[in-house]
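We call the chains A, B, C and D, going by the order they appear; numbering starts again at 1 in every chain.
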Amino acid sequence: MSYINLSGIFPPLPTSFDKYENLLPEKIRQNITRLCEYDLTGFLILGSNGEQVMLTDREKSEAIAAAREALPDGRLLLAGTGGQSTRETIALTKAAAAEGADAVLVLNPFYFKSLMTNEALVKHYLDVADASTVPVIVYNMPGNTGLDMTSAMIIAMASHPNIIGMKESGGNVVKMGEVLLRAKPGFQVLAGGAGFLLPALSTGAVGGILALANIAPSQCLQIVRSFKEGDMISAMRLQHMMIPVNAAVTARWGVPALKEAMDYLGLYGGPARRPLLPLTDDVRRQLAELIAESGIEKFN
Amino acid sequence: MSYINLSGIFPPLPTSFDKYENLLPEKIRQNITRLCEYDLTGFLILGSNGEQVMLTDREKSEAIAAAREALPDGRLLLAGTGGQSTRETIALTKAAAAEGADAVLVLNPFYFKSLMTNEALVKHYLDVADASTVPVIVYNMPGNTGLDMTSAMIIAMASHPNIIGMKESGGNVVKMGEVLLRAKPGFQVLAGGAGFLLPALSTGAVGGILALANIAPSQCLQIVRSFKEGDMISAMRLQHMMIPVNAAVTARWGVPALKEAMDYLGLYGGPARRPLLPLTDDVRRQLAELIAESGIEKFN
Amino acid sequence: MSYINLSGIFPPLPTSFDKYENLLPEKIRQNITRLCEYDLTGFLILGSNGEQVMLTDREKSEAIAAAREALPDGRLLLAGTGGQSTRETIALTKAAAAEGADAVLVLNPFYFKSLMTNEALVKHYLDVADASTVPVIVYNMPGNTGLDMTSAMIIAMASHPNIIGMKESGGNVVKMGEVLLRAKPGFQVLAGGAGFLLPALSTGAVGGILALANIAPSQCLQIVRSFKEGDMISAMRLQHMMIPVNAAVTARWGVPALKEAMDYLGLYGGPARRPLLPLTDDVRRQLAELIAESGIEKFN
Amino acid sequence: MSYINLSGIFPPLPTSFDKYENLLPEKIRQNITRLCEYDLTGFLILGSNGEQVMLTDREKSEAIAAAREALPDGRLLLAGTGGQSTRETIALTKAAAAEGADAVLVLNPFYFKSLMTNEALVKHYLDVADASTVPVIVYNMPGNTGLDMTSAMIIAMASHPNIIGMKESGGNVVKMGEVLLRAKPGFQVLAGGAGFLLPALSTGAVGGILALANIAPSQCLQIVRSFKEGDMISAMRLQHMMIPVNAAVTARWGVPALKEAMDYLGLYGGPARRPLLPLTDDVRRQLAELIAESGIEKFN
């Protein structure tokens, strides 16, 4: 149970499939190798963008193993392991650690929304943290789960020595501030979206797990660098530039658009699993325009 | 691919666990045998109350097999098979049919909410219906999924010959009416909650899949009977009486309360899987009072 | 402070404006006179469809006075008087009673949503009921207010002798049932939308305040009649037929569509006040088709 | 129609009432005089915290006049003038300008939510801006209105020369960034809550209209100053410190708590209008503790 420094930028890597929707571990490896040309702190495997909810247990293990294999020394591997039951979450967490994950990102259970009280959710995370051999990062993603964990919940979870941080994907900078005020010293907040990376840093976040970092790693890293250097004007300008393209590959058109953008820029994207549909030609054109306007360049 | 008459009442059976949260197939069989003393049309295995989202694939198959074994001739077995991907949903559907399910109840994918357009969801259901050897029932459960399928979606799905009906758990009687007006003749609507059974029948529903039917089968059946006999006063009175206890074992305290009520009344309830917590003593007392006030009697 | 029997159907009359958006009291009178050819129990002036939130205090009084003038003996006049403060609500209530309203329909305050606790809202209604010389009807309209009053709130309000009923516009038939089970005997529930009139009656509602009754009074009345005669098949068929056109003049295209339909059918509709926009030509055509399909006939 | 520089901090002054809920213009003047000891850019009269929705037209004019009277040269007076109709909003805007408001803050109409399309809302604001002799600031307050204006709407409104900025009270820093990227140069964004002041500044906001500035003007000003000096560590620390007390006087306990805090600190708070209830003794104690922990000092 060791502390891990989460400062910096992590792409939540999409899971690669062939045209029959079968897993392609070699494309995961290939993408990681390409992205490691940038100064990224590490990768998240099996996040929302990794279509975690679409994969079998065996596929999850294979994806983590593929990532581990491709990852050079000095980069971190985070794996998404949240399930609807405590039992499943613990099993996935142990399997991820066995495949070499350095830490796990645990999405909260959310199906039985009305029963997910403060007490139920805090106990769930403490149980998982007790059972995990690697550090646990809390993952709040209200846009997908329909359940927004409160700062009081996060602060209570942070009391466990094995819970080292949170990813906040709701963009709630007030919650980030409240967590940082009240949680134990050293508790690390990560932005869960590139649209609010700079405001999150300004509130005390140490970095981000950002879909956009799969296609614009240098821009995401540059925002952090400008912020640290106190060059707020440059940071703001770049932050603003990234908002439309980031919205396109997240809330607006989602994983299929992120994968399409990766294909377009020279990485492997490939199809998403159904019911996620491929982009229409019209959307594909709009996406290409947004990429062009944002100044993102192709991988060489 | 044959038509199935869904008229009447189906309990969505909870899945039985021991105190270590391990599956107890014999308790599933036992509960079914006891409930078959009532004139129920059949059972749903692996609905929301069956904690479907908490079970492994193997456990799902075992639970269906146990139910099939216990079920006497002339009763229907429905099985919940909705997953987040089309691929998984088809696999679960085939497995359920192989274990003897007469039809499948398919909850919609909902994790990628913003991408679950009319087009994506209709295609998903048509793909599943194409692949299924047994009839498909559409399952709308906005309280848990955070996504409310529209009547337009349901009507489009109903065009498939293998999609024979829907379970509406949102209590939206306007939607039921619109579906019945526009969907193919013979499309069957089932109420998804006992709190609105009578209004649903008055709108044209043929019956219900009702958590309450696990603990108050005779009352649920009596509401249908009174309605059919045109005795609206009796039907209304009984409907009103059932509302508070039904709320207690559904929206308010959920599956743990339903299981507690089953234990209390002489069936097997047992624990729910974490993060669902056992009831506090205070809630347990309130539940017992609500049961008493409702006139529900113990199984003998 | 006398009891009033609310059984039957009330149109919530739109407020008539000329093309400069000025009030036209004579058109209010004219519409009432025409609609009184039907066996309607009475009218609601200044409901949501009456654009109550768009009117000055003086205009509100003029509209009520015009309605009173046109109303023949034996018909009831309800007036909407809900404001954001208790003080304003009481002032509007007194003014409405002075202009001849038989009862007031009081929408809840909702701007300070997070502060509208059970305690605050119940006290508000009791204060208004204390101050009112005419009976008070509670008005729940979550689609517009963004605040859904609970059955517990309504039941507490019903304890006041001067609070005689509620209009439920959220379509929540479970809430209606719970209120009827727990509120004082004689507390009257009115459906707030024609899309769920029959299910509401089946739950014990005594009638409805229905936008659709402005354009299809005979159909609304016929649903009630068939229900009372026990002819559920006819009632259901007519209920289903009314759903699409009702949606068109309420949730979908709102007040401008209701007014357009009135113009189309031979009553006075006229424009709504901005920011409500006139229908586009395309929507106007669709509306005419929906009216035709529904079997609603022109006033002669 | 002249440009106004909105940089800096504005308290949205509560409207003072006596114990009978009658307006107290002298207390408005007194509070302004006291707060003018701080380097505030100006004041907002008749915002949400000013209980604008609770006031008659006459009271609104009196409140603005009182503020104008007390305001020294060089400070700006903003007045809230949003109503549900375009007509009313224009009338209130003209009245506010006549009483001396330097600009108006216009909350969007929201009662007919489903009809408040992009087209309807943009036209509303353009109509108001056309009619106004003073600059218009768009006010987005989804927590109270239940309607969240999109960046696309705001950007379209910003095309009008008389629409000079927006107040964003939803805390959506992504929206702020998108507006700043796409709206005309010089369009000014103001934070609508002190909980996200620093993140808003980091995104390009020029200041804020902050309930907290009524009780902690020096802290709000200090956050802006530290940010401008590039001292992010001090700014962050102070930002975090302000979050709990700010939540207490806004989302959690609202206007009554803000008024109580003003009384406690030596300004005039007084009662809110019903249905807003006075704080309980327990909440009053908690509020005093939160104030103490935050380091806010009494006015002398």
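Details
Going forward, contacts are C-beta pairs under 8 Å (C-beta built on N, C-alpha and C of every residue); 3 or more make two chains touch, one makes a residue touch a chain.
What you are looking at is a predicted structure, and each value in this text was computed from that prediction instead of being measured.
Centre-to-centre spacing of chain C and chain D amounts to 35 Å, using the average Cα coordinate of each chain. Residue numbers of chain D whose C-beta contacts span two or more other chains: none are found. Chain-to-chain contact here is organised cyclically: the chains close a single ring, every chain touching exactly two others.
Inter-chain contacts occur between A-B, A-D, B-C, C-D. Those residues of chain B that touch chain A in the shared complex are 21, 48, 51, 53-54, 56, 84-88, 109, 111-117, 119-121, 123-124, 127, 143-146, 251-256, 273-277.
Across the complex, chain A is touched by residues 171-174, 177-178, 180-181, 193, 195-196, 198-204, 230, 232, 235-236, 239-241, 243-244, 247 of chain D.
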